[in-house]
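Just dropping this structure here.
By letter and in written order, the chains are A, B, C and D; residue numbering begins at 1 in each of them.
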């Protein structure tokens, strides 16, 4: 897997988001023998999204384990292993299936350290393929970061680029806290520059991925390219949008958001998830409190419609935010 | 040919034709997928037809059926037309689910086909609930849940079977054991040899196995267990051995399966088995050819009609959440 | 159970919230033979919170069913029954345990109608004991309405008074949509006037439970009495707080909130749940958009701390909002 | 008295004294609850002592134990002191979990007691994971999950057992079958007579039953199965029959239990059983009385110390979420 990056001048090479996942895990497995992987079809098959290709070959069956279809056992066993000296990386194939082991993510993993008065730590990563736009229908298309966001005690990572996948995977696996790591299905084929060796992106640091003085767009994962494209189009209309890639929901980098807002005075969130219960609500509520004085206009959230994800393309694009919707929203706001 | 044999042959011919219809419809779906007209994903059941058709023949019209994402065969076996299925796969307004469900969620509630569910194991408790409801309403209906070998290792399986057994409900659990979950052999991840049947004793219910590629045997087994359930003797587990002809989904070439194994199973094709039985019953080849011809015709017309049908009105995205037809979550 | 209310002048009688639950269910069971109950220890034992006392006696074992400890089977079976002509009322003993059957609440029940193009309806109620303040620790004390709030397709009811319990239970059971019904453990012993026969409180109508012109407090369930007591104390300081009892999260009655805000120009939410991912975020984000022009001051959320619930009283009261915290917050805001 | 008998008597006396310590500590907890010094809830294990003490005696000091909300006995059996347990129940800063856990979450990680979990069945997969970890690290440790009869009907049980069996992990599943879930007889809601042992065949692992009120038998059974697991022969299921002396929790008077049943089981008190065995081994009554006296003394001192200990610093509410000791979720 190393050769994905090594051996050629980095500048010429591009790596896919998909490859970055496997590379990110492999780098940590090379570093630390306590890192082990488990999940359905991840070993011999390399994962149904091909995000674990090469791991079995490089690290062997003692470190890469195929499991039954038993989401509770997968995440529960990862927890037990994490409490006893390992650093498991568990895959839940689609993020929708987090619901099948929700007790572990809601009640066990994030609480055991606190409720034992700090006696144990749970250094594990639950990786999962997230998000829609691929016509997979209601039960395989959700952006479910918000489920985890309702639960104190989980770190939540959702990278938007291959370099961030690798850097945030490193941080997640090295973290002594549990991390839910959302890999966006819609980004798997996207490409980017590979990061240097030992690239680590600290969890909880948002990135200003485009600067602009008129309005702040805050986005996550697949909505980052949507926001960037919208910013590009708005630029042509003379509206300068600053784009913040949150990268993580927990820790939530409100400093970066508020600092951007101090420059722009206008805020729009771009969220794939449904409006109701979405992370944008929490973010906006912090802004409406601590950043109230900075605001020159209403805050808008371009978020998913509050419906399940439909199958047909023509319907799905009504539900998930598009560049058009973001542009229209910002345009209206700029005129406020 | 005696009357009995003639009746038998006639019945079997009907089952054969239905299996052929399923096969042909799925073939069309596959072709449409490859030509870009079916989006998302498909999980073809080619090879599993005898289970759906045999079971369906053993059930009452008002019984309930619950299936998985691999559910084309069950939907068709319960009377959905190829046209409405293909239209759904092709995102047409005329689809079974008005293009909101897709391949993984084919449903025809009007004929008791209460849905295809894409989270492994989730529908087993639902089938238990439908059986409970049938009992409460005193209708004599039963419910059947079809599921894969992989589903036998998930918690919902265990909870559903125990509750069904405790309440002695009229529900059948039919496992389509095709030897693989997605790409992993079921034997690698299951503690017992028969993932379903070997679990029956944990619930004090009958656990049987049957050749899932023999439509006659499937019909017999399901008939017997259905009668038992209807008589108030409780649930049962039936493990039908079968094999999928295609990969797990979409373009999966299924290279993880040994060539010898594939070959052996392809030789035990449920359609061939039925053909052999029909020939033995004295049904002439041309009768079979006529059936095949009818099927070809129906499916071709279905493809054409589905192709010609309009896509969904985009406003449909915001309907059908609530029983009032709307989707409003706030004032 | 009928005699809880009948036979004496209603004005003299008080009914507990706990009794109201059983009474609310019983009224609907009398009306409609399709209503059946299932759950752990609900029949012979009358429920561990005694909220189903008398149902087995009145309606018999054909309509009140004890189940194994099988949350998935309970809610999954309720779903199957609801799809086939019944109106099941399923109990999940503590709302924390919703995590054990989350797939049904996240992926199955709220989606099946939509994904079948409207072919089926799921008229069921999942009732559950919710909330903290009783020293039950991290896994038995959560206010989990927000988990459900992230999922389009569920109606969410959380009554604050015995009369609302009965009226909203009627609406929930009669609803053709799935309803998650949160009964607050901390309110079970509270008392109120019993409502008249056939009392129905439409889901999605907030109540202005106290009028005032200086600030709007929006609260839910156990936070309603907290907000009311805070309003009382603020009154003594000359600050007039209007208190809105939301009653439901879905449908969310933003009209009532915005109308109140139009009178007061200041908003504070009072939420038992953690700040991160709380309903107040979504509510505030609507206000920061549609009600921006109404606001004279920052919006504040008095919400739970973002930690698991601790066991000791002295710690738990640091985590769950108190009257003191609400008063202090409003006082500071009034001075803005 | 031969040496062997003397050793045997000495060992059993140690087990007896530990059981007596558990009993007495719980009695104190109950009294403190009634006098308002213990808040929240308690689930007393009185009656279950032989399971915890017998199993613990069969384990290595570095083995892992996972228990339920009914976990006082396991915590004490794994070496927690009555003082730190009672202090936790009484919300003291000196409690095992610094007053953050309470009765349902007693944990002493330092002695391998990795926690008491209050969601039924949730800890079984964790124990599987700890066993997996032991195997990966090559330490020869095993993991034991203790759980109730009611837990055998929840999905996590099934998933844990299957995974443990497939991976042949060194983990024991010990069911404390006390005949009831909360207030409902386990027989009313379970499809088989032995809720745990009758499920073993579904995972191809040994399923045994033992008198859970006989500390010697429990120790023997766990020793044997632990050795097997340590030798690489995989998991096993042990169903220990027992009975709780109190209600399910707090002030539950347990009126749902037939008087005759209660009486029969109270006569089969694990402490009495051990006393009888000790007497048969020739241990004089006064030796037992001395043991009881020591226990009374330890527990009295523990109660006094816990009462005298300070409550938690309120700022502790915002520590211990993250490994860095803090609770910050945002910048």
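The criterion applied here is as follows: a residue touches a chain if its C-beta (ideal position, glycine included) is under 8 Å from a C-beta of that chain, and two chains touch if they have at least 3 such contacts.
Chains and their UniProt names: A, C = Alpha-ketoacid dehydrogenase subunit beta.
Treat the numbers as computed from the prediction; the structure is a model and nothing was measured.
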| item | value |
| --- | --- |
| Reference chain D; chain at largest CA-centroid distance | B |
| Computed distance of Cα centres, chain B from chain A, in Å | 36 |
| Computed distance of Cα centres, chain C from chain A, in Å | 31 |
| Separation of mean Cα positions, chain D and chain B [Å, integer] | 46 |
| Junction residues of chain C, two or more chains touched | 67-68, 70-72, 96-97, 99-100, 103, 107, 110, 114-115, 137-139, 152-153, 250, 252, 276, 305-308, 310-311 |
| Set of chain B residues in contact with two or more other chains | 97, 99-101, 105, 117, 119, 153-156, 159, 162, 166, 188-190, 321, 327, 329-330 |
| Chain contact graph, described as a line, ring, star, complete graph or other shape | complete |
| Of all residues in chain C, those that touch chain A in their complex | 96-97, 99-100, 102-103, 105-107, 110-111, 114-115, 137-139, 144, 146-147, 149-153, 250, 252, 273-285, 287-290, 292-293, 295, 297-301, 305-308, 310-311 |
| Complex contacts: residues of chain D adjacent to chain C | 39-41, 88, 91, 97, 99-102, 104-105, 117-121, 150-151, 153-155, 181-184, 188-190, 256, 311-312, 314-318, 321, 327, 329-330 |
| Parts of chain D lying in touch with chain A, wherever the complex brings them together | 64, 66, 95-101, 105, 107-110, 114-115, 117, 119, 122-134, 136-137, 143, 155-156, 159-160, 162-163, 166-167, 319-325, 327-331 |
| Chain B residues within the chain D interface of the complex | 153-159, 161-162, 165-166, 188-192, 198-199, 201-205 |
| Footprint of chain B on chain C - complex, ascending | 36, 62, 65, 67-68, 70-73, 75-86, 88, 103-104, 107-108, 110, 112-121, 123, 152-153, 175-177, 204, 250-256, 286 |
